[in-house]
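The following pair of complexes shares a single chain, subunit A, combined with subunit B in the former and subunit C in the latter.
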Partner chain A sequence: MAQLTYFFAVYGSLVNFIGINALLALSLYVTLSAGQLSLGNAAFAGIGGYTAGILTTQFGFPYSLSLLAGSLAAALVGFLLGLPVLRLRGVFLAIATLSFGEVVRIAAINLKITGGAEGLMGMPTHTKTGFIYLVIIGVCYFLAKLRYSKAGWSFESIREDETAAAAMGINTTYYKTLAFTIGAFIAGLAGAMYAHLSYIITPGEFGFSAAVNLLIYCIVGGSRVWVGPVLGAALLTALPEILRGTGITAGPIRMFVNGLILLIVILFLPNGLVSLFQRCRTVDAGVLAGAEIEEK
Partner chain B sequence: MLLEINQITRHFGGLCALAGVSFGVESGSVHGLIGPNGAGKTTLINILSGITPATSGSLRLGDLQIETFPAHKVAALGVARTFQNIRLFPALTCLENVIAGQHLVAPRPLLPRLMCLPAARRQEEAYQKQSLEILVRVGLGDRADLPAQHLSYGERRRLEIARALASRPRLLLLDEPVAGMRRQEMMGVAELIRSLASEGMTILLIEHNMAFVMELCSRITVLNFGSVITTGGPSEVGIHPEVIEAYLGKTDHYA
Partner chain C sequence: MNVLLQQLVNGLFIGSVYGLFAVGYTLVFGVLDILNLAHPAVFTLGGLTALWLVESAGLTIFQAFPIAVLIAGLLGLLLDRVAFAPLRHRADTYFSGLISSIAMAIMFESVALGVFGAHTVRFPANTMTLHIWRFAGITVTSLQVEIVAVALLFMVGLTQFLKRSRTGKAIRAVAENERMARLLGIHVDGIIAFTFFISSALGGAAGILFGLYFDALSPDMGRSIELKGLAVIVLGGMGSIPGAIAGGLAFGLSEVLTVAITGTSNLRDAVAFAVLFAILLLRPSGLLGRARMREA
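On to the complex of A and B.
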């Protein structure tokens, strides 16, 4: 017990950051599961974080209500942004969402209410480790159930082949916007929780490198099942500490190891680290056995 | 008439792919659409399924005008299709491909699933069983758990038909369903199409294999350079001089 207390005293903030990054990675996973490459999720987190932070510090909102408002604000912006930009495909969507992210970052730097480049500070640190992981479990449960619902199958179909999906009767605009909005909601929630975890948020934290990091979490962990992004976020967030443990402390080497891991995963595990552990099964063994009997 | 195609025209820039095509597809019939390469057959199927808009002309399905409908609305009216350049979901298993094809007929709501209601589970089992029955019907029952990208060419074509059948369509559009198949496999597909037609499904198919078309179709429409040469029964079409000319050229060409 004493050891556990010691562990949390030393690594408590790391555990929290893993949780927040995992939530952010999960938000991108939803968008990716519908085949849409978004680099705007860091900006959605920023919108959620700033909305919630401003509401608690300047309007005296309770913690729970600010979280909800932050997530909803991000979801609303995600929905409104999704309507025009989801007409774009692949890398063009990435460019459009990336520029949206820059717009949010620059707006946060120049607005008075967001505290400018120095950032917004003074949020009460209400976000506790247990709550972060409770939210992660809830989100994972939701995503696992969503995967095999009508919306989940539509996301899969759109990712695999958008034209064929439309010919099967899937309203691709609707489901792409839905995935985008759910992703923005989760990102906004993560951002709002982060704002109440670290006392201060600055515009730079939600910029380009954050957006790319989220994508790397999903690629390294695997973006086909919800476990992947969580795994990728946990591994890559903990990596500097792990390296410190092995005696490597220099900054550039850390980036090098990061890059190396990404390269190895892309080359040898195109479906991410999760493909090492499991093969995704959707079908009851019983149903399959029934088929074999029928054919005989 | 289930489907009436009226003066459908389609231009791609300066190229006129279809120049006022008109014919009807009778309810419950197997209708063949043939013609040399580049005649506009696939363009017509793309227009029928709402994937490509027509430049002009009208389409009537049952008692609805559908020429302005997007693909998912056409599908919702009971039109399913396969693609000439197979468009399966390669990373999904065969069964998952068919399950995804159930979009229009299986609601699969989220809320009962979140609450883990036993009714949702029973419903899901029923849906999966239906999917499996369709796979068995096209002869892929033993492939259910295999990713679609691991299938042979002929099996992919049959899986695409299975996915189209999953939405229980009343009009099935097949774009070269037996291209690249062995003879035995082809007979299997012919048998499948016959049994579907006997259940009242209307089928419009494009195919280059004349023996297959002549044997299976009750009506045949011949396209050439974007226009209909003739529509009729197999025996009339087979001896129609313009059809023979379109396929084999004029005998007195050099005379």
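On to the complex of A and C.
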């Protein structure tokens, strides 16, 4: 017990960050599971975080209501954004969501109510470790259920081949928007929880590199099952600590290892580290994120 | 009026650097349909290598420039060999290529960080002899003129090369239809490797010019141009070389005009990304892009 207390005293914040990152990665997993590559999930987290933070600090909302409002705000924006941008595919969707993310970040820097570049501060630190993991369990349960629901199968078929899915009578626009909105909701929730975890949030935390990090978590862990993003987020968030344990403290080396892991995974384990444990039923490793074998 | 004119001239200078950067970016996209996110890292390494050659090896900038450009080109070959060639047979090559280029970008940046340190560095003061010309109330430095001249030279050179030379025609053939090009006896893998070489060499050249123009180089300087470069190539039409040049100039102008009109630099990027977003939704093929298949 004493050892456990010691562990939490030293690694408590790491455990919390793993949880938040896992939630964020799960949010991207939903979008990826419908074959849509979004780089806007960090911005959704920002919208959730800022909405919740502002409601708590300036309007005296209770924690639970702030969380709900933050998630709903992100989901609403996700829905409104999804309607037009989901007509784009592949790289173009990525770029559109990316530029949306940049607009959000720049807005957060320039608005008064968000506290500008210094960030929004003063959120009471209500988010506790137990609660984070409770939420993760809940989200994972939901996603595992979702996977074998009608929506889940529709996501899957859209990912495999959107044209074929549409031809089979699946309302692709509806399901893509649904995946996008669910992803935004989870991201907003994670952002709102993060805002109440760290006392201060700054626009830079929700920028391009954050969006890319989420993608890396999903890819390294594996984006075909919900375990993957959680595994990826846990491993990569803890990686600096693990490397420190092996005596590597130099920043550039850590970064290099990060990149190397990503490269090795994408080259040799296209379904992520998860596929090491479960030799995937779907042998077709290539088809990910709505890949199309396209004659140029 | 003079202020505005001066701003326009400045926009033209910086726009030509954006254009040069974007031309390399868009070239790879045009040929492979892959977004090479390591391009900004090559840009950074090009600039830093030139600086190293000037500072430590004691070369003049006119000797260092071609050597650094060549090294940047070799980095492109490395990129192709390690990150792109192994993925070429996969169905989802645009997605996995995007990821592996992110991995390479992380590793390149960590190398830059490890070798050159995290701080901002600059070329020695006497690197370029500087003349300042004033006419009609506009100030132009010889450095600016040289930058535009070099950038234009490269861009026009590339356009002519693609248009007239045998290799250029082969590149265009591969861009048009890889399988057909192979059937016609074109050494496709060699052509793709060569495309990466040219693209990265141009990116490195842009990095050197950028470093000279802003008198600042740092391992993360690629980040600032990464998203702008994306905006430029979408604006010009993905894969279109003239589009990238025009897009770069337009982007440079829009930046300085936003600053001139709003009086603050805060909104500079917001306008750019809002435009990018709008273009993706309204005219995804870009302003000068040919209407190619965006879907399925």
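As a convention for this text, the second predicted complex is superposed on the first by the 278 of 296 C-alpha atoms of A that agree within 3 Å, B and C clash if a C-alpha of one lies under 4 Å from a C-alpha of the other, contacts with A are read in each partner's own complex, and residues count from 1 in each chain.
By our rule, contacts are C-beta pairs under 8 Å (C-beta built on N, C-alpha and C of every residue); 3 or more make two chains touch, one makes a residue touch a chain.
Bear in mind the structure is a predicted one, so any value in this text is a computation, not a measurement.
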{"item": "First (subunit B), second (subunit C), both or neither touched by A:65", "value": "neither"}
{"item": "Partner chain(s) touched by A:267 [first = subunit B, second = subunit C, both, neither]", "value": "second"}
{"item": "First, second, both or neither for A:163, with subunit B first and subunit C second", "value": "both"}
{"item": "First, second, both or neither for A:276, with subunit B first and subunit C second", "value": "neither"}
{"item": "Per-residue contact with subunit A, leading partner among subunit C and subunit B", "value": "C"}
{"item": "First (subunit B), second (subunit C), both or neither touched by A:109", "value": "second"}
{"item": "Subunit B versus subunit C as contact partner of A:149, first or second or both or neither", "value": "first"}
{"item": "Partner chain in contact with A:248 - subunit B first, subunit C second, else both or neither", "value": "neither"}
{"item": "Which superposed partner A:92 touches (first subunit B, second subunit C, both, neither)", "value": "second"}
{"item": "Residues on subunit A lying within both footprints (that of subunit B and that of subunit C)", "value": "163, 284, 287-288, 291-292, 294-295"}
{"item": "Interface residues, subunit A side, partner subunit C - complex", "value": "37, 84-85, 87-92, 94-96, 98-100, 102-103, 106-107, 109-110, 162-163, 208-209, 212, 215-216, 219, 250-256, 258-260, 262-263, 266-267, 270, 284-289, 291-296"}
{"item": "Residue numbers on subunit C that touch subunit A, as the complex places them", "value": "33, 35, 82-83, 86-87, 90-96, 98-100, 102-107, 109-111, 113-114, 118, 175-179, 223, 226-227, 230-231, 234, 238, 266-267, 269-270, 273-274, 276-277, 280-281, 284, 293-296"}
{"item": "Contacting residues of subunit A [partner subunit B, same complex]", "value": "141-142, 145-146, 148-151, 153-154, 156-157, 160-161, 163-172, 224, 282-284, 287-288, 290-292, 294-295"}
{"item": "Residues of subunit B defined as touching subunit A within the complex", "value": "49-51, 70-72, 75-76, 80-81, 83, 87-93, 95-96, 99-104, 106-110, 113-114, 124-125, 128-129, 132, 135-136, 141-142, 144-145, 163-164, 167"}
